[in-house]
Amino acid sequence: MPICQPGDIVMLVARDRKQSKFIFKLEETRKLHTHVGAIAHDDMIGQKLGAQVNSHTGHPFDLLAPSIDDLIRDIKRNSQIIFPKDIGFILMKMAITPGKTVLECGTGSGGLTSVLALMVGPHGKVHTYDQRDDMQSLAKKNIERIGLQDRVTFTLRDIAEGFEQTDADAVFLDVPRPWEYTAQAHRALAGGGFFGCLVPTTNQVSNLITALERDHFSFIEVCEVLVRYYKPVAERLRPTDRMVAHTGFLIFARAISGLTAEPEPAEEAGDAPVL
Amino acid sequence: MPICQPGDIVMLVARDRKQSKFIFKLEETRKLHTHVGAIAHDDMIGQKLGAQVNSHTGHPFDLLAPSIDDLIRDIKRNSQIIFPKDIGFILMKMAITPGKTVLECGTGSGGLTSVLALMVGPHGKVHTYDQRDDMQSLAKKNIERIGLQDRVTFTLRDIAEGFEQTDADAVFLDVPRPWEYTAQAHRALAGGGFFGCLVPTTNQVSNLITALERDHFSFIEVCEVLVRYYKPVAERLRPTDRMVAHTGFLIFARAISGLTAEPEPAEEAGDAPVL
Amino acid sequence: MPICQPGDIVMLVARDRKQSKFIFKLEETRKLHTHVGAIAHDDMIGQKLGAQVNSHTGHPFDLLAPSIDDLIRDIKRNSQIIFPKDIGFILMKMAITPGKTVLECGTGSGGLTSVLALMVGPHGKVHTYDQRDDMQSLAKKNIERIGLQDRVTFTLRDIAEGFEQTDADAVFLDVPRPWEYTAQAHRALAGGGFFGCLVPTTNQVSNLITALERDHFSFIEVCEVLVRYYKPVAERLRPTDRMVAHTGFLIFARAISGLTAEPEPAEEAGDAPVL
Amino acid sequence: MPICQPGDIVMLVARDRKQSKFIFKLEETRKLHTHVGAIAHDDMIGQKLGAQVNSHTGHPFDLLAPSIDDLIRDIKRNSQIIFPKDIGFILMKMAITPGKTVLECGTGSGGLTSVLALMVGPHGKVHTYDQRDDMQSLAKKNIERIGLQDRVTFTLRDIAEGFEQTDADAVFLDVPRPWEYTAQAHRALAGGGFFGCLVPTTNQVSNLITALERDHFSFIEVCEVLVRYYKPVAERLRPTDRMVAHTGFLIFARAISGLTAEPEPAEEAGDAPVL
């Protein structure tokens, strides 16, 4: 029975036109302050998800679990973050599952870090690197807010010096010049480990492919993920007028030599019932 | 240290042009038979990931962990399956994380079931329904092969009669007429629980929106996920000639009344640094 | 030698950061008034395209021919117009070439009308219908401004009563309920003539397909045209962040019975070097 | 009244499942030979478009005008051709209208040449260049077949030496290294004339942007045109499973110095009702 407990991350949605969302960790004796009044956490602890709670001014809210999409969207940020559409595909391609050890550089605002920490579960580990203290301070707060600090180590370092870990299951780079760190990523990975990267320009993609081939990576794949939303009206169904056209190119590879890049990605292959 | 153990799911990739992949669970005393010779599981148990192993004919293979993309692609199937590009986004929108309880109908070949079982971890649960025995038999084999049978229950039933569970965190429908089961999905969900569905045609999307509005769902979103691959050649970077243009429309909603559909999905909203 | 003559449609672009564009027909003794001063048409007549001209305040402008894209963008409008990306494809699919007779309903602001009139040349004809006088008045002004009024007839009529013409080469419908006028379109077309339509919603597409099949049209095709722009920076090439995701669905057909819809559009057909 | 005349380009479509198409110029006393029998051109001359005609074996055909899409698809080719989706947009961006003078290099199989010749009409001119005699021979045949040879000049030349013409309205390059010919294109263009190019890789786009900026072009735009087809079934409307994902990047510019590239292409610009 989904009864709200101290430590749970919950989302309050205001029952009004604007549907303001508030995402936070439940803690005894604390209060949430909103534009339409305050609500004591103790009034939510013990409630079932889906319950309606009221602020001290009587404004109604729905008590919900946030989606990962909600969580990422809500993150406090001082940098460009990675979109849920891209994160979901990264999980699939890099096998981010409970129990895994994942390295990440840079930490940025901690959006991807948060999802990695969620997905590796209590027995997994995320080691995240950044050169900027202000970035990691914010990311730490974001991770603490969702209560996952025990799964994450934060290191301030230029990874040109290398990662501290070896035998990692996966390494993800979100840095402007990833081609300078592919050798370091290879050394940090277990045999055949998963490499992933996001860069915004085609020039960066070309540079990174060259570095991955040089530094003994195989199965290089380059792709983009696009999400197209529709206006959800049954009798006038149509795509929205505008969409996000680009966040970045995703590059994936495996830390193993000598296996040439696949000539055709699987989703391209003829008539076979691939996916 | 990633040493291969009995029970691990591993992938062997042949070191040749075709790069045939073999995905299986390591079991003592068993043998893998390939087109280029046999390999004893015992010769892989105790090896590090990334090791090279040889068949009895001397053909070399690389021993790797499969990605989720590899796993899904490899699944034995007798039905259309859900693509990794869609599964990744489903995880983000429906908050499929370690410890969750997820319902699914229909089971199909068990591709989505497999990823749900992976992601909910050892403390989560997947309950999957189908009306066809032959489907569930195949799906069971697919789940057993990756060793996740303890996290999954299989039920043969027309869900017009309802799900057995209540208070589920999430319900996913992959059936031809999902609009006939939205009330049942609502009853099975915890308050505010996550609803998801994939359908191939616009007519089905319209019917489902009508049913979701009638059956007290809110925050309805409709979208498509498109992945565009590039030929990974540094000095001649270009998209592949053809791509998968359509697998299905994804529909998401929350089991709670009275919150109207968002006028604009988050990725549409103006200039704010959303994701 | 492209010397500007009275009657030519030209474009002045301000040589400054905002690059304001002014599109108009050159007429002796007239003056163009801009935010940075006035310019006499007589100062442009006799100049070569590409010349620099100055306003009376000394502000420099470049004298250019507008593209069709420029022309359409500049049109005064009181309704949604059809995008150049869609118009270009309409020309290809409906064989709009010099000498053709084309019917159109509704006239709207006259954007498509203008391009049709340009493309059918001095020996072709465009007959455009609308029910709203205010619409056609504006469209007339837009057509007169580019000097093509001799090629266009304007008729105020509900085309439920039918078109005045028969044996037209092509009929394009840009109306909310095109399925009510497919029989009228068929009667107006020469044997095998080209039918085209743009509608924004999937529900409208479904209704129109049903009507076209009922009213003896063949070779029905449904498609969308998407244009994705890149930031034109050599060393940081990347798609723009956002794009137009939807203007409308294009539906094409031929006025002839009994030829079933093609099972696969040409661009889908296997490996053959189609286009 | 659209009565078929000698010299008309017509299309015969077989009334059977395969719907084979035959596109040719009507000439007195000639015969068309098909897999289901022969048909004398004289039996078609004098018929109305849309008429049914029979081969000598009695197989029925429909007599139609081809669309430009049909024409291009039918062209005999020994090289990659430019798709109708791209050609349509090129017409819009480069103002290819009746009466214009257009230069093209290379000729290739003459597909784009054909559409340019159609669109400039009897008072316009297309000058096309190629270095390969075999290419131009085939292109000449393709142009003669549709009867437009009077509007086209063919020149065998390496355009590194420059074009013969000056004051052209538009220059289109379809060559592997277009950045080597931008100065030549500029010299051939009238002031402010339209430049266009299609290249398949991002590396080529970057090289071309650099050359255009160096050689005094302004208003550089880079884009892709994507067409997504739907299965035209009213009650099960859905996109086709696969689509053409890439033919090439289109680059447009104007032959005039000092006007910087637009910061945002028009279709990106905020809320204004642009197109």
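A few remarks follow.
Lettered A, B, C and D in written order, each chain numbered from 1.
One rule holds for everything that comes next: a residue touches a chain if its C-beta (ideal position, glycine included) is under 8 Å from a C-beta of that chain, and two chains touch if they have at least 3 such contacts.
This structure is a prediction, so every number in the text was calculated from the model and none was measured.
Counting C-beta pairs in contact across A-D and across A-C gives the higher total for A-C. Subunit A and subunit C, compared by their mean Cα positions, are separated by 44 Å. Counting partner chains per residue, subunit B shows two or more touched chains at residues 202-203, 205-206, 228-229, 235, 237, 240, 242-244, 247.
Taken chain by chain, the contacts link every pair, so each chain touches all the others. On the subunit A side of its complex with subunit B, the touching residues are 1-2, 13, 15, 17, 19, 48-51, 62-69, 72-73, 77, 80-85, 87-95, 97-99, 111, 115, 118-119, 121-122, 167, 169, 190-194, 202, 205-207, 209-210, 213, 220-235, 237, 240, 242-244, 247, 249, 251, 254-256, 258-262, 264-268, 273-275. By the touch rule above, subunit B contacts subunit D in their complex via residues 200-203, 228-229, 235-247.
By the touch criterion stated above, subunit A contacts subunit D in their complex at residues 202-203, 205-206.
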